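Multiple structures are listed underneath, in structure tokens.
Each of the two complexes below includes subunit A, the first together with subunit B, the second together with subunit C.
For the complex of A and B:
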């Protein structure tokens, strides 16, 4: 197995509120993401999935443990890691056109190269020619595709996705999943997806990690041996898909019951 | 189709615009009537006040008092905006300066401005510098407080996005935070403009040495009643012009926001 591009070792995150309250969100999470691998983290709500992703991306430092990227300790955000957030309507800058939003992620490049990279990225997500539009002129699905283009324009080694399709309708969601699956198959980045949707995790991933309730740790790992390329109309009807989904779901419910037993 | 649909909208706008001016006309007429019916030497008619105001705008008063006032407002407002936005962004973004400046800011903000004029007179003497200083001491707060509150209350995802794009420090503040909070900054600036004008007049009355406030005070002291009314009219005109220019700038700079809040115009 090749060396991991992203590694989390015994990561724990404790959040302290302004009122002095302290919450241990996760405890001792370890995972390794191989180059070009697609890994999902699922878990009951409140398991600290987003917090974990912020730690994995360098947006916040873990309280305990260590994150390393490319074999080096990750202490801050850095080039090579891109993040797509859940709320695309807040994450795209509304005062910039779609093209400028995407270009923000490639601003270190000379103008000519930047322009062609932006055009390429928009073409990849089927937003060709939409660069001069403003985010509010686009539908939710198009906005999230623009956010994907911005994340990919820099050619990241790891793409992190935080519930990226949670705020779009079911049909758009399926289409966006296929956009991601397709981009991932055609490019060379590793993906780390955080979601509460077990079907989505199984559909997209090579491996699914199930998070326990707070303070979370990884309580199960399920390898997804479904054939690729995956397509909504085909893959989700496979007997194997249904089995894997049921298996992961069982772990998630077990984790959810754990949290119900502990109280809020 | 489009022409037909566009027409009523345009006519409605013209209608609203006419209605606004008609309201002003009615007010002027009421003033005219009340003044001519009262036959009081203390209340000039609108026509004579307006004629006097025109005389102010075209005569030597323009360069002696009016232009200095405009310059003071511009400089005072400009300094207030620069300080208010810069300090507001820093204080809003970084938590520790916010905590140790909050009490100081609250203290100075709640000082009544006229109270500062005697102090400013001692520090700067009579004249423009004193007036500008007093304007800044009052107009900086709405800008600073609005900017700081908006920055501190910004959606964390905006900052996370910018950081994950590799932006940090001054560039993060200038390229993402500043535009993100610009609607609230504009709201603060608009308040600052009217505060600047109000403070200008008070400061000039108490020790401007020149200016529109000084002129109005002088006219009143020397029983030039029509003159002081005319001065007030000119001041109204100044305020209206400042506000109109401001709205025009806002509409241009915040054009992206009309789509975001979902309104836009037809």
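For the complex of A and C:
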């Protein structure tokens, strides 16, 4: 197994609210993301999936434990890690065209190279020629593809996806999953996806990690041995897909019952 | 809009024609129109003086309000400490400051512009401070993941995100600044539409006085409308931002 590009060691996150309340969201989460690997994190709602991803990306310092990227401690956001958020309409800058939004992630490159990289990124997400449009002129699915282009234009080592398709309709969601699967297969980044959709996690990943209820730890790991390339129309029909989905789902339900039993 | 103006003119004509109001107090529509035509030149130059003082004061207020508002909005400490200042200074009636302003700057454009700047500073400052303070968390986090430095963050994210609120502060300031300009002219006799109206009233030229008032009203409408149109063109995302948050 090659050395991990991203490693979380015994990470715990405790959030303190403005009213003085303190919530221990996660406790002792460890995971290693190998180069080019696709890993998903699923878990019952409230398990702190998004908080963990924020810690993994450098947006938030963990309360305990350590995150390292490329063998170095990660103390802040840094080049090489891109993040796509769920709410594209609060993440794409509405005062910039799609092209300028994408170019912001490549702004240190010389103009000519930047322009060609932006054009390439837009083509990869099937938004060719849409660079001069504004985010609010596009559909939700197109906006999220633009956010993907912005995340990938810098050639990251790790792409982090925080519930990226939760704000679009089911059909668009399937199409976007295939966009991501295709981009991942053709590029060389590792991906860390946080989602509450078990089918989506199984469909896209090499490994699925199941979080327990709060304070969360990783309670199960399921290796997804489905053939690639994966495509909605046939992958989801495979007997093996159905089995894996059921297996992960069972862990998630178990985790959810744990939280209900504790009454938190 | 046009309908409202037509109805107002109709009522005005009705009141003056029926003798409901004293002819010494209310000129007829036609007499006022004639006065506007007759004194078009001096009315235009009075309007020009008014707009000059208005623009000078508003420019100072905008520069000060946007820059200080941005500073205050970026830091919770600065926001809290400027709040007391805002509560103390904002209710001060600017006309009560005229004597001080005359002592400091003498009678003239500088004094008028200074008072206009003082009054219109507050809505711009308060709106900018608020606009900068409430920039969406995800916009800021996105900027962080894109490794933006301070200057890039301010110029490409914070100010554009705050711009719609800054613009509504400016929209208030545009009207407020004109009210103060004309009031100072009316009290201080420093020239412009206000002084034109004052002179006409003291010279018993009632139609002329109304001519000044009508021109002043038109100037106010035009500046307001012009600014709203400008904001709409420069900030096409303004109403989309609200929909997103």
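The rule is simple: the second predicted complex is superposed on the first by the 264 of 264 C-alpha atoms of A that agree within 3 Å, B and C clash if a C-alpha of one lies under 4 Å from a C-alpha of the other, contacts with A are read in each partner's own complex, and residues count from 1 in each chain.
Please note the rule applied: contacts are C-beta pairs under 8 Å (C-beta built on N, C-alpha and C of every residue); 3 or more make two chains touch, one makes a residue touch a chain.
Not measured: the values here are computed from a predicted model.
Student: Mind checking the superposed model to see whether subunit B and subunit C fit together on subunit A or clash?
Tutor: Aligned on subunit A, subunit B and subunit C clash with each other.
Student: So in the superposed three-chain picture, is A:81 touching just subunit B, just subunit C, both, or none of them (first/second/both/neither)?
Tutor: It touches subunit B and subunit C both.
Student: Given the touch rule stated above, what does A:134 touch, subunit B (first), subunit C (second), both, or neither?
Tutor: After superposing on A, A:134 lies in contact with both subunit B and subunit C.
Student: Check the residue A:105 against both partner chains and state whether it touches subunit B (first), subunit C (second), both, or neither.
Tutor: both
Student: Touch test for A:95: subunit B only (first), subunit C only (second), both, or neither?
Tutor: Touch partners of A:95: subunit B and subunit C.
Student: Return first, second, both or neither, reflecting whether A:57 touches subunit B, subunit C, both chains, or no partner chain.
Tutor: Touch status of A:57: both partners.
Student: Go through the superposed model and pick first if A:250 touches only subunit B, second if only subunit C, both, or neither.
Tutor: neither
Student: Shared contact residues on subunit A, subunit B side and subunit C side combined as an intersection?
Tutor: In subunit A, residues 57, 59, 77-79, 81-83, 85, 87, 90-91, 93-96, 104-105, 134, 136, 150 are touched by subunit B and also by subunit C.
Student: Residue numbers of subunit A touching subunit C in their complex, please.
Tutor: The contact residues of subunit A facing subunit C are 57, 59, 77-79, 81-83, 85, 87, 89-91, 93-96, 104-105, 107, 134, 136, 150.
Student: What part of subunit B is in contact with subunit A in the complex they form?
Tutor: 155, 157-158, 160-161, 163-167, 176, 179-180, 182, 256-257, 259-260, 262
Student: For a test of understanding, state which residues of subunit C touch subunit A in their complex under the given definition.
Tutor: Those in contact with subunit A are residues 136, 138-139, 141-142, 144-148, 152, 156-157, 160-161, 163, 235-237, 240-241, 243-245.
Student: Please output the residues of subunit A touching subunit B within their complex, sorted ascending.
Tutor: Against subunit B, the touching part of subunit A is residues 54, 57, 59, 77-79, 81-83, 85, 87, 90-91, 93-96, 104-105, 134, 136-137, 150.
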